[in-house]
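The following pair of complexes shares a single chain, subunit A, combined with subunit B in the former and subunit C in the latter.
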Partner chain A sequence: MVNLNSVPPKHGRNFYLALGLEGSANKLGVGVVKHPVLAHHADSDLSHDCHAQILSNIRDTYITPPGEGFLPRDTARHHRNWVVRLARRALDAAGLRDPSELDVICFTRGPGMGAPLHSVAVFARTLSLLWRVPLVPVNHCVGHIEMGREITKAENPVVLYVSGGNTQVIAYSENRYRIFGETLDIAIGNCLDRFARTLRIPNEPSPGYNIEQLAKNAPHKDSLVELPYTVKGMDLSMSGILGYVDGLAKDLFSQNTKNKILFDPQTGEQKVTVEDLCYSLQENLFAMLVEITERAMAHVASNQVLIVGGVGCNVRLQEMMASMCRDRSNGQVHATDERFCIDNGVMIAQAGLLQYRMGNVVKDLAETVVTQKFRTDEVYVAWRD
Partner chain B sequence: MKSARSPMLAHTLYLEVPFEDSTQAEIAVKVLEPDPILRPEDFEVDYSSKDRNLCISFKSIDDRVLRVGVSSVIESIKSIIETIDEFK
Partner chain C sequence: MSEAIVEQVKKYLTGSIPITPISQGAEAVVFTTEVHPYLPKADNQPSTKYIIKYRPPKQYRHPTIDKTLTKHRTLSESRILSKLSSLPGLNVPKLIACDVYNGCIWLEFLGENLPNGAGFSNLKNFLWMNSSDPYNKTVESTLFKVGEQIGLLHWNDYCHGDLTTSNVVLVRDGESWAPHLIDFGLGSSSTLVEDKGVDLYVLERAIVSTHSSFAEKYNKWIIEGFSSVYQSKGKKGNQKLKDVINRFQDVRLRGRKRSMIG
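== the complex of A and B ==
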């Protein structure tokens, strides 16, 4: 059994307050979370049910023009420019007049882009010293998982974490979130974003969102464009698929009628549209995800799936996962909406506060150095049985 | 690993940034200190505080590395000052 009440809240209050700061990629997020002290948390395994109250959840995205990705240096500059204003708004929205009331300040230590992570870490360190509030470094992936568990109340799900920088199938076992399968090259969101760049459509608000919108209007949904299907054991590979579909798109734009997949060899008539490519790419990639997720569920004998990360907002992915789960003994799919799927500060506060309640805080600022590589299974999950 | 260590870090710069009081200058030192230098054989930084000043001395192998290193530290200092201004 786990005692989540081992560290009492400040000033003898009956609730905890945490500030969360996220800036590992192009989203900058600040959020404030409140946990009430609940007697049954002293001796239980209820970290997915903290009765968390979200006092504020504010986000600002560094937007690049369609056809361009975000670069670390420019993204870090965006975060530095906005983080103070965003934090002020988040504190005001939470009605927190005296910030030293906070029990803990949580920030993303990794994984992510070094420069943006660092810009937020500098801010977090300064606040911590200014207000004398302890710091907790949080693994970004664990943040997604804990927020998803709290929102959906899924107790022990297989987690599919799909975003612009990560693609992992995760299940909990013996105090670690273990990685069952993952991408061997690029992340799914990266694959979708880069295809979107080829199509010159924007990547707002989440990876693959505009591809999803185009795919809805695909005229030939009954005949999929055949793409490479690259599941390797429990892992995936997506760079080859991207290269292939990029090539098809370029042939389409240049009206290369020699391409027999896109144009009828006799009449030269176009058989496939951009929307069809988007649809086929989604179906193909998501089928791969569903396959490895199902295998992980069989391994750990679970019938719940939790989808987290920016690509997790995709309704088609949620549908496909749901139909797999229905076929498997009444399984359930849990997903959250864009407030929590897309990177945000609240999820960092949620995971960080759980860490804090188990007595895990920074004792030396050397522990706050950010890291681009920080695997999900490196974190010791003290707050679960 | 190169065995010939720290040959010539001949390009140097010394900066003093005044803060409102010594506590703020000490905060700045503590915030800046933990981050490791990517190429310690080419670039060195030393942070300290004297009265209400943040004192930084840079040493570098050439002027380009010096400029890049210094400007990145200055960006962080700007961020610290803005944070202190807003939330002190």
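== the complex of A and C ==
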């Protein structure tokens, strides 16, 4: 049994307040979360049901022109420029007049891009010293998992974490979120983003969303363009698929009629459109994801799936996952919408507050150094049985 | 197991082949039957059981992807099985028939039920059955033979890909047990030391997680059996054994996964 009430809230209140700061990639997020103190949390395994109230959830995305990705230096500058304004807005929206009322300030320690992580960590340290509020460093992936669990109330799901920088299938066992399968090279979001760059489609609101919309309108859904299918046991690899589909797109733009996949060899007529390529890429990648998730479910004998991370708001992925679960007895899919799927400050506050309530705080600022490599299974999950 | 899938299989096999479902994995469902796919049933003979492994079409993926994958995987599993059964000393179930387009293979049925309701005779249940006397001679010799089987497999440059204690079936051989490796769905032909190291590590983890208090000795016996195969191959064998065992220890240190960069 876990005691989530071991650290009492400030000033004898009956609730906790946490500020979360997220900036591991091109999204800068600030959020405030409130947890009521509940008696049954003193000896329970209910970390997925904290009755969390989201007081504010503000996000700003650094958007680059079509055909360009975000570079660490520019992203870090964006975060530095905006973090004070966002934090102000978040505190105002939460109705917090006196910021020293906060129990804890949570920030992303990793994994992510070094420079953006660092600029947000500096901000977190400053606030902590200014307001005399303790700090908690949070693993970004654990943040996603805890937010997904709190929103969907999924107790012990197999987690598919798919975003721009990560692709992992995770299941909980003995105080760790263990990685059952993951990408061996690039992440799925990275694969989609880079394909969007090749197609020169806008990065607004997000490249993956635009690919999804294009795929919906694919004219030849019956004749799929065959792409490499690279599942390796529980792991997958995506760089080869990206290279292949990039090559096809380039042939399409240069009207290379020698390519028999894209053009009819007799008439030279175009058989495949950009939308078809998007559709085929999505179908292929998502089939791989669903397959390794199903493997993990069979392995740990679980029937719940939780999809988290930016790619998790893709409706087609959610549909495919639901279809897989229908073939398994009592299968259930849990997914959240873009407010919680895409990187945000609230999830960092949620995971950080759980850590804080188990008594895990920074005692020396040296512990707040950010790290680009920070695996999900390195975190000791004290708040679960 | 989902009813819909069972119905699907029954429709595919037609009513003349009665089936009993036994397990559902991520990729395939497994049934037993007493009908041979092409030999007539001999009268007065005790009935023989066969295994049907069926890969149902997955609704979630595009039909084109599904067809290619099912065909490819069924074919590769059948090929590996037929190659392995021609290797002297290696025990795998015999391949009876395969229909790659429908994702169906027929195999020889192996194993039996253990005495005193201890369940089916795979290595997992066998070790559970012996947990009151965990270090007896039969356990030691069986685990040694399991090691030998894996050694033979690896020596011939094949990898299993999913070595767990439930994928080792024990067949009674007089007083002792002959271990057979089953389920080559993730199997491959590989000369890489990495794949072999991972195979050994996966089995070690499986034993540690289900029989943790006796795992140390159990794993030692398996490795002894494994080594004996390589050592019997002279100087070259010893060199290769050293490579595999070193890599196995590396894999154990990093826990199968490499540290991710970027």
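The rule is simple: the second predicted complex is superposed on the first by the 383 of 385 C-alpha atoms of A that agree within 3 Å, B and C clash if a C-alpha of one lies under 4 Å from a C-alpha of the other, contacts with A are read in each partner's own complex, and residues count from 1 in each chain.
To be clear about the criterion, contacts are C-beta pairs under 8 Å (C-beta built on N, C-alpha and C of every residue); 3 or more make two chains touch, one makes a residue touch a chain.
None of the values given here were measured: they were computed from a predicted structure.
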(request) Record, for the superposition on subunit A, whether partners subunit B and subunit C clash or fit. (result) fit
(message) Using C-alpha centres only, what angle sits at subunit A with arms pointing to subunit B and subunit C? Round to the nearest 10 degrees.
(response) 120
(request) Check whether A:297 is in contact with subunit B, with subunit C, with both or with neither, and answer first, second, both or neither. (result) second
(request) Would you check which partner chain A:233 touches, where first means subunit B only, second means subunit C only, and both and neither mean what they say? (result) second
(request) Report the partner of subunit A that touches more of its residues: subunit B or subunit C. (result) C
(message) According to the stated criteria, A:84 is in contact with first (subunit B), second (subunit C), both, or neither; which is it?
(response) first
(request) Have a look at where A:244 lands relative to subunit B and subunit C in the superposition and call it first, second, both or neither. (result) neither
(request) Determine, under the contact definition given at the top, whether A:122 touches first (subunit B), second (subunit C), both, or neither. (result) first
(message) Just checking: does A:130 make contact with subunit B only, subunit C only, both, or neither of them? Give me first, second, both or neither.
(response) first
(message) With both complexes overlaid on chain A, does A:15 touch subunit B (first), subunit C (second), both or neither?
(response) neither
(request) Quick one: classify A:368 as touching subunit B (first), subunit C (second), both or neither. (result) first
(request) Please provide the least distance in Å between a C-alpha atom of subunit B and a C-alpha atom of subunit C in the combined superposition. (result) 17
(message) Which stretch or stretches of subunit C touch subunit A in the complex?
(response) 1-2, 4-5, 24-27, 56, 58-62, 64-65, 68-69, 161-162, 186, 257, 259-261
(message) For the complex, give me every residue of subunit A touching subunit C.
(response) 111, 179, 182, 223-224, 226, 229, 233, 283-284, 287, 290-291, 294-295, 297-299, 319-321, 323-324, 326-329, 373, 375
(request) Within their complex, state which residues of subunit B touch subunit A. (result) 27, 30-36, 75-76, 78-80, 82-84, 86-88
(message) List the residues on subunit A that touch subunit B in their complex, please.
(response) 77, 80, 83-84, 87-88, 99, 118-119, 122-123, 125-127, 129-131, 365-366, 368-369
